[in-house]
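Below are structures written as structure tokens.
In the two complexes that follow, subunit A is the common piece, with subunit B as its partner first and subunit C second.
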Partner chain A sequence: MKEEKKNPFKAMGRGFANFFKGIGRYFADFGKAVVKGDAGVKCSLLFMGAGYTFKGQWLKGIFVTLIEIAFIIMCIFYAAPNLAKFGTLGTVQREAVFDPLTMQQTVNDYDNSFLILLNSIIALFIIVCFILFYIYNIKACYELQKQKEFGQHIETNKENVKSIVGNKFHLTLLSLPTLGIILMNVIPIFVLIAIAFTNYDQNHMPPNKLLDWVGFSNFKKLFTEGMGNYFGYAFKKILGWTLTWAVLATLTTFIGGILLAMLINKKTTKLPKMWRSLFIVAIAVPQFVTLLLVRNFFGDQGIVNTICSNIGFTDWLKSIGLVSSHLNYIPFLTDPHWAKFMIVIINIWVGIPYQMLIATGVLMNIPTDQLESARIDGASKWKIFWKITMPYVLFIQGPALITDFVKNINNFNVIYLLTQDVYITPDQALANANAKEVDLLVTWLFRLTNEYYNYKMASVIGIIVFIICAVFTIISFSKLIAGDREEEYQ
Partner chain B sequence: MKKKFLALAMATTLVAGCLTGCGKDEKKNDSSSSSGTTGSNSGVNQEAVDNLISATEGTVSLTVWASEEDQDFTQGLIDDFKKEYPDITFDIKLGACSEADAKDTVLTDIEAAADVFTFADDQMNELVNAGALQEVVSTYTYDVKAETLAGAVEAASMDGKLYAYPMTADNGYFLYYDKSVFSDSDVETLDKMLEVAGAAGKQVAMEVSGAWYNYSFFKGAGYDVTLNDDGVTNSCTWNADGATDVAQAIIDIGKSSAFVNANDADIVTGVTEGKIAAAVSGTWNADTIKAAWGDNYAATKLPTYTVAGKQVQMASFSGYKLIGVNSHSKNVGWAMILAEFLTNEENQVARFNARSLGPANANAAASSDVQSNPAIAALAKQADYAVPQRVGGNYWEPANTLGLTLISGNPDGTDLQTLLDNAVEGITAPVQ
Partner chain C sequence: MAKTKKIIGSIVSHIFLALLVVIWLVPILWLVVTAFSGYPGINKAHFFPTSWSLDNFKKIFLHPDSVVQYMTWFKNTLVIAIFTCIISTIFVLMVSYAFSCMRFKGRKKIMTFSLILNMFPGVLSMIAVYFVMKSIGLTNSHLGMIIVYSAGSGLGYLIVKGFMDTIPASLREAAKVEGASEFTIFIKVVIPLCKPIIVYQIISSFLIPWGDFVLAKLMLNSGISSDWTVAIGLYNMLNRSLVNNYFSVFCAGGLLVSIPISILFIIMQKYYVEGVTGGSVKG
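Let's turn to the complex of A and B:
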């Protein structure tokens, strides 16, 4: 057991093996139900409600059969026409003829590739769900048959209805949220994945143009360089900065938040409530307002530059070589190195209040007996901080740190609002891929879709971001939140 | 909604919560049969309008998008339009959408976009390429091609086909200067301007790191970037023989301490603070600059600059604001008539009076009122050296970077020809 926990990959491997075994068992059970089932079970292969009706549960039987009929209607009128075109994503391009005399427009019966794609994915999803339901149904009928064979009580129609708000109420309650998650999260992700394999870009914009499948060529473009393809180069650079940024942003705000909380919590600090409130005010102002204002403050001709140049700070920076000599301002947000530095600094300012709030709560709960005994034993403040406070805070906030890290990988606001319209990349190769040094994968993705309509490359990047975030989350969660961690802390 | 939802889904990958994307019914056939009548295909065609009026049943729903600043004015015009056709029940909704990024909103979901929308002419090729614009095959209440400035018609056309109704002709850039610092002859050459500004402790500002502006240097010296027939990719001669002289000229300009590479916001700040005494900008800053300089406020065409010892006139992108009709509109006919109404001579004059926007209508533009507006007069002077903006999306980032590198004095010391070759490679790159 111990060893397994040390190696998350091994655990994952075992998980996969169990998963496939489970699938095997699932279908074996289905086969058994079909073979050993009585006439009712066999009839429900065709009419899904038959199994229930034969056993007296006609209400359930009718309901299930209605679902089956609805599914068949859906297949004929919705799934079939869309899925028929799924292979080609449509072949008839939109053509409109305007009659200048009647001022009416005649449009041909065109294919909207995007709708075909979207509807096909929804249809496929429904079909898979139905197949699962179908298998479940046969098994349930077989269970019912077994119950009858063993002479157990079989629920009446009334009891069936009652159970919906009774012992099966959790299913009733969860059905709506589940549907919401499927509509809003699962299906969009599948659509996103599908688009990564099409040529959806500026030259192919539905509804007026058709889309085509292009296989893995978009992925190839992102991972290779040369031949007028700059995506590979830009991807490497941006991925590097994204990870650097996520680590820096998470650590600086985390440590800063703890230090600030400790400072305010100190017994010698006067008016702790006032200080705390002041920092919380920073949260109360919408972040994008703060960031846009800060962007203007730090503009090349902005107020901070005016002050710096008036007090001679700009010249001093020039003399030590931090600002190149031909500039008469500090390129806070326009030079690659300065901009990265400033983004991290500004993020500390924006992010610390949140961390301070969390840290305050955690610090207040540190067992005082430990701190006291350490003090009696003569441990220095520094030692107490590193040996007691930090381990405790890390233990409590570990999971939150991972969430923060993933959130920072996708920290769109800070980067985009601070650099959009201000930052121009000096690297021609990056510019050719519509990227900038300060871009995160997610801001690059956003600008690719929003400014260049390059949905296909954006989808590929989206998938990569998803994989990166998923891998980090899985690995660190399996390491950090293992079951017996509490004892380890002690 | 559908594509907006997709874009969101992409941007938020893991983060939950976006819009639902229910497919909505597609109307495949918008035509309702109506008897054809004969009539002239250009200019006024009252007969067709009468036909349309008699063929229209029920309420005509239209959505109009105009910029935030134009809301009140446009609403007034819409009310007038309703009075113009009292027999028809209109349901016209007015929405706010900046001309500068109309294409982003429209192309996100063409079917959900407004029937009639305003946009800047630099978005023409992308809108046409995506099939979002209804071609103006015929006009009904006034002859757009005949009554509008030739440049504006060119800007509203692609491959000789008219796709939009010109609304204003004031979206280009020119030179603002402070008369207390520069004389009229000073502003003829950039060299002289920098000399005078340097002596007066003031600055001359232009956003050379912006592709929209730095085009001025290359085009002026005869090096061009043009849109290919596919409507998406570019051809570019910025790395041709002798172009390195232009690059060197920009580097030299950047070396002058009196020159500042400043973006729009910084120009406004600089002018207000009194640091900047001359700036290359457009009519959108006219009020601010006028307020800062008062009686010394003046404007003229761009100056000349020195390329390999010779004076070269700086060129520019001309800029027009246009009104387009959505090709997916359910009421194309009425949308076209409304677009004509919003851009006819009377209303262009009204727009100038109410909002100081320079008309694209030839008669309106020739009026003495319009001509006496310094900013619009300066644009008219620059018009001889201005060309409509016809460049594909890949122009911007590489040209931004090239401008930045040059105006910063080429910090890495890259060979100029290599620098230009790299930029041109990016500008002419196919859509990837």
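Let's turn to the complex of A and C:
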């Protein structure tokens, strides 16, 4: 048990083994139900409600059969026509012909590749769900048969209806939220994956043009360089900056937050609540307001530049070579190096109050007896900080730190709001791939779709970021679940 | 000797704190004073405006033009926020009750799976979300925005479920003995006890549409400014061609939206800590 906690990957391996064993058992149970089932169970292989109806639960039987009928209708009129074209994504291109008789444009019966793609994915999803439901249904009928054989009480129709708000209430509760999650979180992921294997871009926009499957060529484009392909070069640069940024942003705000929290919590500090509230005010203002404001604050002709040039700071920076001599301002957000530096600094400004709030909560929960005994033993302040405070904070905040790292990989707001419309890349190769030095993978992805309609490359980037996030998420998750306190109270 | 050293140390740390506060509040101060300036554009030479007036607020409230339709945006965002907040709160309560108060097969597995799913940043699948919404014709509509913000909200159940876990099971069992169904227990026993966390849930889901920029920018892309939310409207004012004429108006608008949002944020910030540390720390 202890070993499992120490090594999340070992635990994961065991989890996978159990997972496959579980699948094996799942189908074995299904086979058993079919073989050993009575006439009712066997009939429900064809008419799904039969098993219930034979045992007197005709209401449930009708309901389940209705679902089956609805599924068959769905298959004929929705799934089949779409899935038939899924292999080619449609063959008939849209053509508009001017009809001189009616004086109107007539459009032929064209294939909309994107709708075929989307509908096929939804149809496949429904089919998989139905198969799972079908297997579950056979097993449930077999259970019912066993109950009857053992002479147990079989629920009446009335009791069946009552269970919707009774012992089956969780199904009622979870159905709508699950539907929403499937629509917003699950289907989009599959669509994203599918688009990465097509040629969906500015030159192939449905409904006017057809899409085609292109295999792994988009992936290849992202990972290789040369021959007029700048994506490989841009990807390497942006991935490097994304990871550097995520590490810098996470560590600076984390450490800064702890230090600020300790400074405010010090016994000698008067009015700690007031100090804390002042910092909270800075983050209570919506981020898009503060970030857009700060962007103008540090603009090339902005107020900070005016002040810096008045006090001679700009000239001093010029003299030590940090600002090139032909400029008469500090290029805070327009020079590649300055912009990266400023983004990290501004993010510290945005992030520290949040971290301070969390660190305050954590620090207040440090077991005081440990601190006291260390103090009595004559440990120095530094020693207490490194040997007691930091390990404790890291223990509590470790998983949150990894989550923060993932969030920073995807920190769209800070980068986009600070640099969009302001920063223009001097690197022609990057510009050819529609990227900038300061872009994160997500902002690159966003601009590829929103400005350049290059959906295929954006989808590939999306998949890559997904994989990166998944690795870190699973590491952090195996630790987070350990903090679950559900059984403690109940 | 030690005492004077302590006093000096305390004074130094107070001065340092004050300095930090100044750094953190300078941009906010700039927002406030610029909002009250006597000209619509940006003043590059002075921190404090050279003339003061309420013109920017007047423009927002009384003289909307094609660029500034603040009241319409505010109304749009408010409508979206209210519906998002109702749907999300109901969804989260439903999911939390199912996971916290009921025991069924596969519960732990579903919980784990949904937690992992929730950790993936929504920014990533947003293009695909956009496509899904476009194919059902819900881009550029407020209904679409409400769906985008609230449909997946069931995944964010962790904090509310953590709170429900602290409600003694004996209360529910007593109700069950008296013949109450799970539905009755949910409505009459558990929800009344969850009031503080419901307040948190309402506020935090209400704040989402006010703070969101990226999804709104992607979904409401028609360029018709009366459809926008506050975030996109204000962003648009800082367009290169507009910033010199609208910067102070932006500040006034930003200030107006910040006041209610800040108050709500400050009310709910004590739960924020609990959410981030996964409930291992009480805020």
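To be clear about the criterion, the second predicted complex is superposed on the first by the 456 of 490 C-alpha atoms of A that agree within 3 Å, B and C clash if a C-alpha of one lies under 4 Å from a C-alpha of the other, contacts with A are read in each partner's own complex, and residues count from 1 in each chain.
FYI, contacts are C-beta pairs under 8 Å (C-beta built on N, C-alpha and C of every residue); 3 or more make two chains touch, one makes a residue touch a chain.
Since this is a predicted model, take the numbers as computed values, not measurements.
Peer 1: Looking at the overlay, what does A:Leu417 touch: subunit B (first), subunit C (second), both, or neither?
Peer 2: In the superposed model, A:Leu417 contacts subunit C only, not subunit B.
Peer 1: Using the touch definition from the top, say if A:Lys270 reaches subunit B (first), subunit C (second), both or neither.
Peer 2: Touch partner of A:Lys270: subunit C, not subunit B.
Peer 1: Is A:Ile345 in contact with subunit B, with subunit C, with both, or with neither (first, second, both, neither)?
Peer 2: neither
Peer 1: With the two structures laid over each other on chain A, which partner does A:Ala96 touch: subunit B (first), subunit C (second), both, or neither?
Peer 2: First partner only, subunit B.
Peer 1: After lining up the shared chain so the two structures overlap, which partner does A:Gly228 touch, if you call subunit B first and subunit C second: first, second, both or neither?
Peer 2: It touches subunit B, and subunit C stays clear.
Peer 1: If we overlay the two complexes on their shared chain A, which of subunit B and subunit C does A:Val362 touch? Say first, second, both or neither.
Peer 2: So A:Val362 only meets subunit C here.
Peer 1: Have a look at where A:Ile72 lands relative to subunit B and subunit C in the superposition and call it first, second, both or neither.
Peer 2: A:Ile72: touches no partner chain.
Peer 1: Which partner, subunit B or subunit C, touches the larger number of subunit A residues?
Peer 2: Greater contact footprint in residues on subunit A: C.
Peer 1: With both complexes superposed on chain A, which partner does A:Ile189 reach: first (subunit B), second (subunit C), both or neither?
Peer 2: both
Peer 1: Touch check for A:Val161: first (subunit B), second (subunit C), both, or neither?
Peer 2: Neither partner.
Peer 1: Common interface residues of subunit A with subunit B and subunit C?
Peer 2: Common interface on subunit A, subunit B vs subunit C: 114-115, 118, 181, 183-185, 187-189, 191-192, 195, 296, 299, 301-302, 306, 406, 410, 412, 421, 442, 445-446, 449-450, 455, 458-459, 462, 465-466, 469.
Peer 1: In their complex, what parts of subunit A are in touch with subunit B?
Peer 2: 94, 96, 98-110, 112, 114-115, 118-119, 181, 183-185, 187-189, 191-192, 195, 201-203, 205, 207-209, 221, 228-231, 296, 299-302, 306, 324, 326-328, 406, 410, 412, 421-422, 424-434, 442, 445-446, 449-455, 457-459, 462, 465-466, 469
Peer 1: Across the complex, what residues on subunit C touch subunit A?
Peer 2: Going by the criterion above, the answer is residues 6, 9-10, 13-14, 16-17, 20-21, 23-25, 27-28, 30-31, 42-47, 91, 94-95, 97-98, 100, 102, 104, 107, 112, 114-117, 119-132, 135, 147-148, 150-155, 161-162, 165-169, 181-184, 186, 210-211, 213-214, 217-218, 221, 231, 234-235, 238-240, 243, 247, 250-251, 254, 257-258, 261-263, 265-266, 269, 272-274, 276-283.
Peer 1: Within the complex, which stretch of subunit B touches subunit A?
Peer 2: Subunit B residues touching subunit A: 2-3, 5-7, 9-18, 20-21, 23, 26, 28-32, 34-39, 41, 45, 48, 51-52, 55, 104, 107, 110-111, 126, 129-132, 134-135, 137-138, 140, 209, 230, 232, 254-255, 257, 260, 262-263, 265-266, 269-270, 273, 275, 327-328, 332-333, 336, 393-394, 397-398, 400-405, 408-409, 411, 419, 422-423, 425-426, 429-432.
Peer 1: State the interface residues of subunit A toward subunit C in the complex, per the touch definition above.
Peer 2: 114-115, 118, 162, 165-167, 169-170, 172-174, 176-178, 180-181, 183-189, 191-192, 195, 260, 263-264, 266, 268-270, 275, 277-290, 292-297, 299, 301-303, 306-307, 349, 353-354, 357-358, 360-362, 365, 396-397, 399-400, 403, 406-407, 410, 412-413, 416-417, 421, 442, 445-446, 449-450, 455, 458-459, 462, 465-466, 469-470, 473-474, 476-477, 480-481, 483-486, 488-490
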